[in-house]
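Shared chain: chain A. Partners: chain B in the first complex, chain C in the second.
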Partner chain A sequence: MMELFTAWVSTIPAFAAPFLLATAGLIINERAGVMNLGAEGVMAMAAVTSVLMEMAGHGTALALLCGIGAGLGLAAIFGIMAVFLRVDQVLAGLVAFALGIGVSGFLGDGSENQTVNGISPPPGSDFAFLPKLLAGILDQDWLTWFAFFAAIAVWFIIERTDIGLRLRAVGEDAPAADAAGVNVALYRFGAVLAGGVLCAIAGAHLSLVGAHIWVDGMVAGRGWIAVAMVTLSRWNALRAIAAALLFGAIQALVPQLLSSGMNVPVYFIQMSPYLATLAYLLIAGLFAKGADAQPADLGRPYLREERR
Partner chain B sequence: MEYELSRIQRERFDEISKLAVRLAEVEKSFGPRPALAGANFSLEWGEVHALLGENGAGKSTLMNVLAGFYTADAGILEVDGEAARFETPSAAADAGIGMVHQHFQLVGPLSVLENLRLACARRAGWRSKAEALRAMETLGKELGFRLDPSARVDEMAVSDQQKLEIMKVLLAGARILVLDEPTAVLTEQEAQSALGLARSLARSGRAVVLITHKLRDVLGFSDRVTVMRAGRTIIDGAASEGMTAASLSDAMVGSAPVLEMPPLADGRQFKPDMLKVQALSVPASAHGVALTEIDFAVQGGEIFGVAGIGGNGQAELVEALIGVRALTSGAVLFDGVDMPPSPEARRERGLRYIPADRMGMGLFGELPLNVNISLPRLLGGGAEKKWLVTKSWMNGLARDAISQFEVAGAQVDLPARLLSGGNAQKLMLAREFTGGMEILIAHSPTRGLDIRAVQAVQARLRAAAASGCAVLLISEDLDEIMQLSDRVAVMSHGRMSPAENVAAVDRARIGRLMLEMH
Partner chain C sequence: MPRLILSPRLAASRRFTFLVLLGGILAGLVVSGGFLLTQGMGLSDLASQFVGYTFGNPAGLDQTLTRSIPLILVGLSVAVCLKVKFWNIGVEGQLWAGAMAATAVSLYHIGPEAVRLWVMCIAALLGGGLWCGVCALARIRLRANEVVTTLLMNYVAYMLAQQLLYGAWRNPQDSFPVSKVFAPGETLALLGFGHVHAGIFFSLGAALFCWWLCGFARVGYMAKAVAANPAAARAVGVPAGAVVLLMATLGGALSGLAGFTIVCGEEHRLTQFVGNDFIFPSIVIAYLARSNPLGVVVAAIAIAALYTAGDSLKAFYQLPGATVLTIEAILLLCVCCAEFWLRYQLGWAKSTKVAP
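Let's look at the complex of A and B:
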C-alpha cells in the first residue's frame, strides 16, 4: 500500500504540469481581457508537432521549439481574430479549437502510436539522500520543473511588475488604460502570444513527457479543464499551482488504480477529472466567490472611437 | 513718456501672448451625422476658458479631438503656436494636453498609486514605487489635498476620484487641462472647491478648459467663454465678465423656444399617505450605507424632495422601495396596505421608477427602442399583459412614446445606448409614465442633462404630481429640490430628517443638515 502511495505521489507533478502550464497561459490571456477557448487546439498542435519533429530525427529541444512554434501560430491566428478583427472571442476561440484539433489529427495521421524518446526524468535519483517519498516528488524531468517556475514567474510579472500593471489595466478597463497611454491592442495580442507559448508547452509536455507518443485526441479535454481552472484559481497563478496539483493528483490516480487490479469500472476512473471539474464548479457556484476576481473587461473587444 | 520693452520683456510678452490652443474650422462626423461642422476655439495660457453648450452641441467631441481621442475629419489644430495632429491620446499627452473625462478613465480595481504609475510612470520618469509616491505627495501638497495612495479607486468617493484624475493628468506633464463637466457629479461644496482648483491651476500658468452646461460655472469661475450649438461655435472666446445668464442661454439654445414651466394648480387635491415608510431599516452592503429608522409619507398630488449628498443612503432607500433590497425592519405601505414584496408586483400596484443610472438600471442599452418601451408593459400594469408580442404592437407603442415625449433622433429600431443623455431620459420617462402610475420615484432625474431636457423632465414630474401621483424626488441638485418640491427632507448617513414645507425652509439650513447630521 505504501509503495502504491509513493508511486502515486511521485507522478503527481508530471500530471499536474500540463494543467499548470495551460492555466498559467490562460491567466495571462484573461488578465488582459481576452478569453481564449482555443487552448485545447493549441495544445493539440504543439503535441503533434513536437512528436513529428522528433520522429523526423531532430533533437528533443528542437522538437519542443517547433511544437511551441506550431501552437504559437494557432494562438496568433486566434489573437488576430479576437484582438485586431474584434471577432466575438467565444467564436474565435471555438474556431481556434476546431482548427487545432482538425489540423493536428491530419498532421499526425499515420504517425500515431510511434514511441519517441521525448523527455524523461534523469536516470537515477538526484535526491537519493532524502526520504523516498520526497525524493520521488523531486525527481522530475526539467520540463515539469519549468512548469512550476513558469507559474511563479507569471504570478510575479502580473502582480509585481510594470508590464503586469499595464496588463491588468487593459483587462480591467480598456478605455481607461488607453487613456493612460497603454497600447491596448498590443498588450492584448502580446498576452495572447505569451499565453499561447505556455499552452503550447503544455501540449508538448503531454506528448513528450507524458506519453512519448502521439495519439489523436490525446489532449482529452485538458485545455477545457484549464479554462475552468482559471476561475478555480481566481486568476492567480500561485493558486493555479494548488489547483493543478489537485487535478494532477486525481489524474495520476487513474493509472495507479488501473494497474492495482482493483475492481473499479475503467470508465468511472477515466471520467474522474471531469467529475472533479464539475464538482468544483458546483461548489464555486454555491459560494459564488470566483466572480469578484474576474477582470471586468474580460471578453470585451475594444475599439477606441466606439461609443460604449 | 516713451519707453521700450527690453528684449527679455518682449520675449516674455510674445510667450504670454502665444495661444495655448487654436482650433479652427474643425469637422468631425460619426456615420452620416456631423458632430462638428466648422467649430472654432482658442485658449490662452493662464486662463480658465468655459466651453458651453447643450448636450450634443459638440463640446466634448471638439475637446476629444484636441486630446487625441478622436481625429478630426478636417480643420486646423495648433498647440502653442505650432500645427499639430494627434492620432492617439498619448501623442496629445506628449504635447502637454490632458483631459479629465466626465466618465473617469480610472481602473477601478487598482489602487490610487497603481493608477498614477500606470498613467504617468513613463512620462514622469519614475523608476520605483517610492519615486511615484514622492511625486504624488509633492503635488498633493501643492494642490492642497491628500489621497490615500493604497485606496482602491472604485471604493473612493466620486470627488476623490476626480482629484485623482486631475493629479494623473498633471503628473503626466499636462499644461493644458480639459475638464469635461467637472461639477456634474459633485455636490455644491465639492463643486466650489473643484472650480477653485481649476482657477488656481490656471493662475499657476497652465491653461484650463471647463466644459460645462451650467451657467453658474461660467459666470463665477471662467475668464472667457465659448458657446457651441449643433457642432458650430456661436460665441468665440468672449470675456465672461460682460456676459449675463440670459445672453449665454440664448446663444446656447438659439431661437428655439425654451419650455415654459406649467404652474402647478393651487387647488390640488392631496391624498394623504399614498406612500408611507415606517421605521425602515436596511443593513449596509459591501460598499454602501445602512438605513436607520427612516420615516416619511408622500401624499398623492405632491412632490416630496429628498436632498442630500450622494452616497448617504439614497440608493439603498430607492432599492428598498422598489423591492430589490430586503429590509431588516420597518414597513413600506402603499395607500395603507403593505407593499407586495416583489418588484414586479409593486409595479403592478402602480409604482414607477426613474433610476439615477439610466443606462445601467433603466434602459436596455443594446436593445432597440421598441423593446425598451414594450417590455415593462408586459411585466406590470395588467391590462397590456399578453403572450404574443408582435412587432407592429411594439413599434406602435414606441412611435407613440417618441412623439409624445419628443425623443429627438430616435427610430423604433435604434439601440437605446445611441441616444444622447437627454433623449435617453425622455425615453425612460415615456416607458414609466404609463397607465396606472400612482407612485413615481425619480432618482437624480436631470443629472447630466442640458437645460431644455432638464426643463422637459421637470415639467413631466410636475404633471405627474398634478394628476394625483405621489412623486418622490431624490436629487443632489438642491436648486432642483427647492424649485420642484412641496416638502423637503434631507438624507445624511442613512438617516432622514423630518420633512418640512419648502416655503418654510432656507437653503443654508438644508445645507447644514446635509453635512452635519453625523
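Let's look at the complex of A and C:
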C-alpha cells in the first residue's frame, strides 16, 4: 500500500505539468481579455512537431523549440482572428482547436507510435539523502521543473510588474486602458502569443516527457481541461499550481489503480475533477466570489471606433 | 498624414452579405482543395470523390443522409442557443445524456410496450434538455460562464456513459462494453433506402419547429430582443432569464434527440462511440447556416457529405482521419474572416488639424 502511494505521489508532478503550463498560458490570455478555446489544438501541434523533429535526428532542445514554433504559429492565427479581425473569440478558438487537431493529424500521419528519446528524469536520484517519498516527488525532469517555475513567473509578471498591470487593465476595462495610452490590440496579441508559447510547451511536455511517442488524439482533452482550470484557479497562476496538482493527482491515480487490479469505479474517479470544477463554479456564483475574479472585458473585442 | 482606420459598418445590404459569405465559402473550398492537392490527390480525384461519390451514388447518398440526421439536430441545438447568444459547446454531453436516457427506458422496461419508442424519445429530450438547462440556469442565477459549464458537462456525461457500459449496462452475453440490443419495437424503422431511418422525420420536423419558433412565435421574437440588448429587453418587460433558459433547454433537448436517433436508428443499442466528434461540426453547421433553422438542414447535409467523402478518402487515398476536421476548420476560418468585411470597413482617417 505504501509503495503504491509512493509510486502514485512521485508521478503527480509530471502529470500536473502539462495542465499547469497550459493553464498558466491561458491565464495570460484571459487576464488580457482573450478567451482561447484553441489550447487543445496548440498543444497537439507542438506535441507532433517536437516528436517529428526529434525523429528527424535533431536534438531534443531544437525539437522543443520547433514544437514551440508550431504552436506559436497556430496561436498567431488565432490572435489575428480574435484580436485584429474581431471574430467572436469562442468561434476563433474553436477554429484554432480544429485546425490544430486536423493539421497535427496530417503531420503525424505515418509517424505514430515511434519511440523517441525525449526528456527523462536524470538517472539516479539527486535527492537520495532525503526521505524516499520526498525524493520521489523532487526527482523530475527539467521540463516538469520548468512548468512550476513558469507558473510562479507568470504570477509575478501579471501581479507585480508594470507590464502585468497594463495587461490586466486591458482585460478589465479596455476603453479605460486605451484612454490611458495602452495599445489594447498589441497587448492582447502579445498575451495570445505568450500564452501560446506556454500551451505549446505543455503539448511538447506531453509527447517528449510523458509518452515519448506521438499518437493521434494524445492530447485527449487536456487543453479543454486547462480552459476550465483557469476558472478553478480564479485567474491566478499560483492557484493554478494547486488546481493542476488536483487534476494531475487524479490522472496519475488511474493507471496505478488499474495496474493494482483493485475493483474501483475508474470512470467515476476520472469524473470527479470535472464535477469539482462545476461545483466550484456554482459555489463561487452562489457567494458572488468567482464573479469578480473574472476579467470584466473577457471575450469582448475592442475597437476604439465603436467605444461603449 | 492620412491614417488607415477600421470602423464598424453600420448596415450591410443583403446582396453584399450574400456575396461576402459566398466568397468566404468559395475561398474555403479553394484552400481546402489546394490543401488536398498537396497531399497527393489529383483534381479529377477530388471531383469524383466530392461530387460523384457523395451525391451521384446510392451508397454515398445513403451514408450522407444517414449521417445528416443527428448532424441536423446538433446543428439546430447550437443555432437555437445562439439565438439568445448562449454558446453551447456541450452538444456531445447532451447527446450522450439523451442516448443514455433512451437506453435506460429500454433496459428497465419503462412504460407500456406499445408506446415504448415514444417514451424513449421523451426521455432523450428530457435528458438532453436537463444537461443544457442546468448550465443555462447556472449562467442566469450564478453568472457561471456557459462556455466552461457546457464544456465540463460533456466530460461528465461521457464518463457516466463509460462507467455504465463497463458496469451495470454491460452486455451480459459477451461482456463487451455495449448495452443489450433493443427490442424490435424500440427501434426506428428503416425507410427502404439503405440505412436511412425514420429519424430523418424527427430531424426535419425539429427544423420546421425551430423555424416556426424563431421566426413566428412570441418566444422567438423575445429571443431576438434578448440577444440584441438584454438590459433593454428586461426594461420593456421581456423575461430575459426565462427566455435564455427556455431556448438553451430546447437546444439541449434537440441534442438529446440526436442521441435518440443514433441509438434507436443506427446502433440499436448504446455503444462507446455514440457521442464522438459532434462539437465542432455542430458549430460549423450552425455558423454556416447563420443560425437559420432551415439553413441548418442544408449545411448539415453538406457537412454530412464531407464526412462521406472523408471516409472514402481514408479508404482509397490513405488520408488520415483528420481530413474532415481540417477541411471544416479551413471553411469556418475563411467564412469568419470574410464576415469581417460585413461588420467593419477600412477607411482613411481625415487629417484634422487641431488649432494650436
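FYI, the second predicted complex is superposed on the first by the 281 of 308 C-alpha atoms of A that agree within 3 Å, B and C clash if a C-alpha of one lies under 4 Å from a C-alpha of the other, contacts with A are read in each partner's own complex, and residues count from 1 in each chain.
Criterion: contacts are C-beta pairs under 8 Å (C-beta built on N, C-alpha and C of every residue); 3 or more make two chains touch, one makes a residue touch a chain.
Since the structure is predicted, the reported quantities are computational estimates derived from the model, not experimental observations.
Undergrad: Taking the superposition as given, does A:Leu37 touch the first partner, chain B, the second, chain C, both, or neither?
TA: second
Undergrad: More residues of chain A are touched by which partner: chain B or chain C?
TA: Counting contacted residues of chain A, the larger count belongs to C.
Undergrad: Contact-wise, after the overlay, does A:Phe149 reach chain B, chain C, both or neither (first, second, both, neither)?
TA: Neither partner.
Undergrad: With both complexes superposed on chain A, which partner does A:Ala296 reach: first (chain B), second (chain C), both or neither?
TA: first
Undergrad: Check whether A:Phe129 is in contact with chain B, with chain C, with both or with neither, and answer first, second, both or neither.
TA: A:Phe129 sits against neither chain B nor chain C.
Undergrad: State which residues of chain A lie in both footprints, the one left by chain B and the one left by chain C.
TA: Chain A residues touching both partners: 305.
Undergrad: Touching residues of chain C toward chain A in the complex: what are they?
TA: Residue list for chain C touching chain A: 5-8, 39, 87, 89, 138, 141-145, 147-149, 151-153, 155-156, 159-160, 162-163, 166-167, 279-280, 283, 287, 319-323, 325-330, 332-333, 336-337, 339-340, 343-344.
Undergrad: Over in the complex, which chain A residues touch chain B? Could you list them?
TA: 162, 165-166, 168-169, 172-173, 175-182, 296, 304-305, 307
Undergrad: Which residues of chain B touch chain A in the complex?
TA: Against chain A, the touching part of chain B is residues 30, 69-70, 89-90, 93, 99, 101, 104-110, 114-115, 117-119, 121-123, 168, 172, 417-418.
Undergrad: Name, in rising order, each residue of chain A that touches chain C in their complex.
TA: The contact residues of chain A facing chain C are 35, 37, 77, 81, 85-87, 90-92, 94-95, 97-99, 101-106, 109, 216, 221, 224, 227-228, 231, 265-268, 270-271, 274-275, 277-278, 281-282, 284-286, 290-291, 294, 303, 305-306.
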